[in-house]
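Each chain carries a letter (A, B and C) given by its place in the written order, and its residues are counted from 1.
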């Protein structure tokens, strides 16, 4: 809002409506994860012994996944840049790379879950693991959601339609990435 | 004003009732004043042929002050209420004066389980006395209670004492009261706690010290279960 | 998603009336669903009140109530009235109908998202209604559904009631998030040329403020509900002390949302009043900007008062005084809004038409709700009043004004715009006075019951000695008579609507001689709302401006040449 809207006239701010909507959507997502993370931190504060639990997460897998998501965010940026230049073919290619990043992330996540459950750390083991599975699970659902949206946008852009949506789905993908950057140290590293 | 509360039976009830009366007066006067102004304006300025309304958008601070000044006064009353009420809260909930008697109260679906330390004055010993829904305390003694819950939330509610406190599973909440009037009162559960919440009721019997001692002794003499 | 989608001309019945993307149709869908749920919630209150007046006796049309049923009745009454009546009617229906019309837009920013929002809401309604009929009955742990009671079937009774309740509430939140994002984006970006932020009608400000408050407060509760659902379905122990969990955590998450939610409901109600007062006193609203700022301050403060619902819940008692101070402080910006409304009447030319009656009634009733908030906001006195009938009376006095009175005011005011017919004015006056009198008859006695220490959510008050007195019984009976008459009085409203829809006088585009843009459209507005895109030259409340013979000055009327605007 602010000065642009104060003085401006039609379609009142300079921000495209789609981007504006996406920002508000992300704000609502932010408080969902924010609430969850704050809750986790409150518990963590009271249970220093959870440090011993987080040792059993696979740090290497988590670190690798962080790298994967960061890379996919980069290809997302490249896709957006390609749209800006009008190079839709390149945008579609970069969207595919980003999608692939999501796939790799999920595969690694499934490997981790399998391994941890085999080790005996299930969601019911104790509250730390309840939080671990709950939070990473919700995040993984967001990754899946982002991938679905990406496929929808990709197929439209491939036909030359709605290229501006690359930016919106990109914003969402960066958000999912940022959430992971919070989850990784909180759940894996802090001991 | 609005003195509809049941007759008090605890030492802090006097302070509580005075605070409540203050609040009743302040809010009551403001309420009536605001309603009076509202009704007066509606009658005074109802539509009459040939009279045009005044153009008063109140964009200047000067005209806004018609609203802001009363609100500043409200702010003053707010701070006043904060000031006079905090000590009453502290008295009831924060301070734990040295106690004469101790009792444990546990809420469970759907009864109050009361534990007395017994003759040795220590909890968790063989001579602890346990009752269900039967809370007895000596008059004019400071009673310290430890409130817990077994299953779900309950809320200990004794209107005559002006005392209410939720019981939370997993926590022990300490509180106190000093009864000032002998008699029998109801111990209510004020927090919805499942099927028979409406039937969860104990009794508080405030007795003379002698009667209380006699009752304790008779309880202690009873054969123990298990 | 572009607005163009909304203008693809409707092909089929299904497209026009069911899966419509037109904001006016979606508003009506929300309205009808909300009113239907209002009837359900009203009938529940009938059963509750009958039981309280004659404990244990068979209730005409229902039968004898058991304790678990009673718990379910109060739970579902509260849940429905807040989430399935107040929210869809005051937010979704009014915002959907009015925001685009008031800012001169053809439709919402995201019409398809808007349609999805309604259908997700509809689904949530179905899920909630289904929960009445599952084994074990509907949720019965109070509308706050505190764990551990709500945490496992062992405590709460049935397995399905609370689970469906949680699912329905979560779906509903998603629906209103979609709606809210739409409202905010639309108001920011789709304003007509010339309409600056401070030219928006206060209704739009209030709706946007409500949407923003909702959006920032509901997240933690969505997270909290998710954890509760996991506790129930997967057996985790987030709220189970035995597993290291904490039941009070849920209370924090619930009320971090729950208190701002009060303002989410209240602000649109205030918006209705802010539109009606200037029109029927032919005066600008008193202190437009002051009201906007007070609204924003109220919204911000509403985020730091939540623990006043938990003074005696077992939180650290040292927290009580700080939260008590913030709670009482919020009375200041709210008073600024209320006093500005009252000051608007000063030197006005007041016509007591039906919308005005209900708007004034809202103020008159809300004042009592407001001042009794002090008794509960002061931590020390809350010890006594918490979970008594005083609380019940208080929140009915704060919520019925915006939700019921505000809704009726809005109905009498905008019905002509929505349906193209005038409502019968004489019937409306009778409806107002009956509603006003019986509302007070229902809830004033409950204040006194609260003073007497009567706890809430009790199926048989007569079980308690202190409540087995002629006075308590008398007060309970008075409240019941009031409630039944209050419910019956609403038949007048429905009869009025039913009759007027067919026989009512045809409405002119601007029957009230009002300034805002919705009145420049035909009644009812067609697809795309405006025949020509309006241009805005001035604020929304230019009534009786100096130097003009008419006592109104529509926002879109071009200034005469030579004269300043």
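Methods note: contacts are C-beta pairs under 8 Å (C-beta built on N, C-alpha and C of every residue); 3 or more make two chains touch, one makes a residue touch a chain.
For clarity, every value in this text was computed on a predicted model and none was experimentally measured.
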Graph class of chain-chain contacts, one of line, ring, star, complete, other: line
Most widely separated chain from subunit A, with each centre as the mean of CA atoms: B
Distance between chain centroids, defined by C-alpha means - subunit A, subunit B (Å): 48
Rounded Å distance, subunit A centre to subunit C centre (Cα mean): 34
Length of the line joining the C-alpha centres of subunit B and subunit C, rounded to whole Å: 30
Contacts with 2+ other chains: residues of subunit A: none
Where subunit C touches two or more other chains at once, by residue number: 246
Per-residue multi-chain contacts in subunit B, two or more chains: none
Subunit C-touching residues of subunit A, taken from the complex the two chains share: 1, 5-7, 9-13, 15, 17-18, 20-21, 24-25, 27-36, 38-39, 42-43, 47, 123-124, 126-127, 130, 134, 138
Interface residues, subunit C side, partner subunit B - complex: 67-68, 70-71, 140-142, 146, 148-149, 155-157, 241-242, 246-248, 281-290, 312-314, 317-318, 320-321, 324-325, 328-329, 331-332, 335-336, 338-340, 342-343, 345-352, 360, 363-364, 367-368, 371-372, 374-375, 378-381, 383-384, 386-388, 448, 451-453, 455-460, 463-466, 541, 543-546, 551
Partner subunit A, residues of subunit C touching it in the complex: 1, 109-110, 113, 177, 180-182, 184-185, 188-198, 215-224, 226-227, 230, 234-238, 243-246, 249, 253, 256
Parts of subunit B lying in touch with subunit C, wherever the complex brings them together: 2, 4-6, 16, 19-20, 23, 26-28, 30-31, 34-35, 37-38, 41-42, 45-48, 51-59, 63-64, 66-68, 70-71, 74-75, 78, 81-82, 85-86, 88-90, 92-94, 109, 151-153, 155, 157, 159, 162-171, 173, 186, 188-199, 201
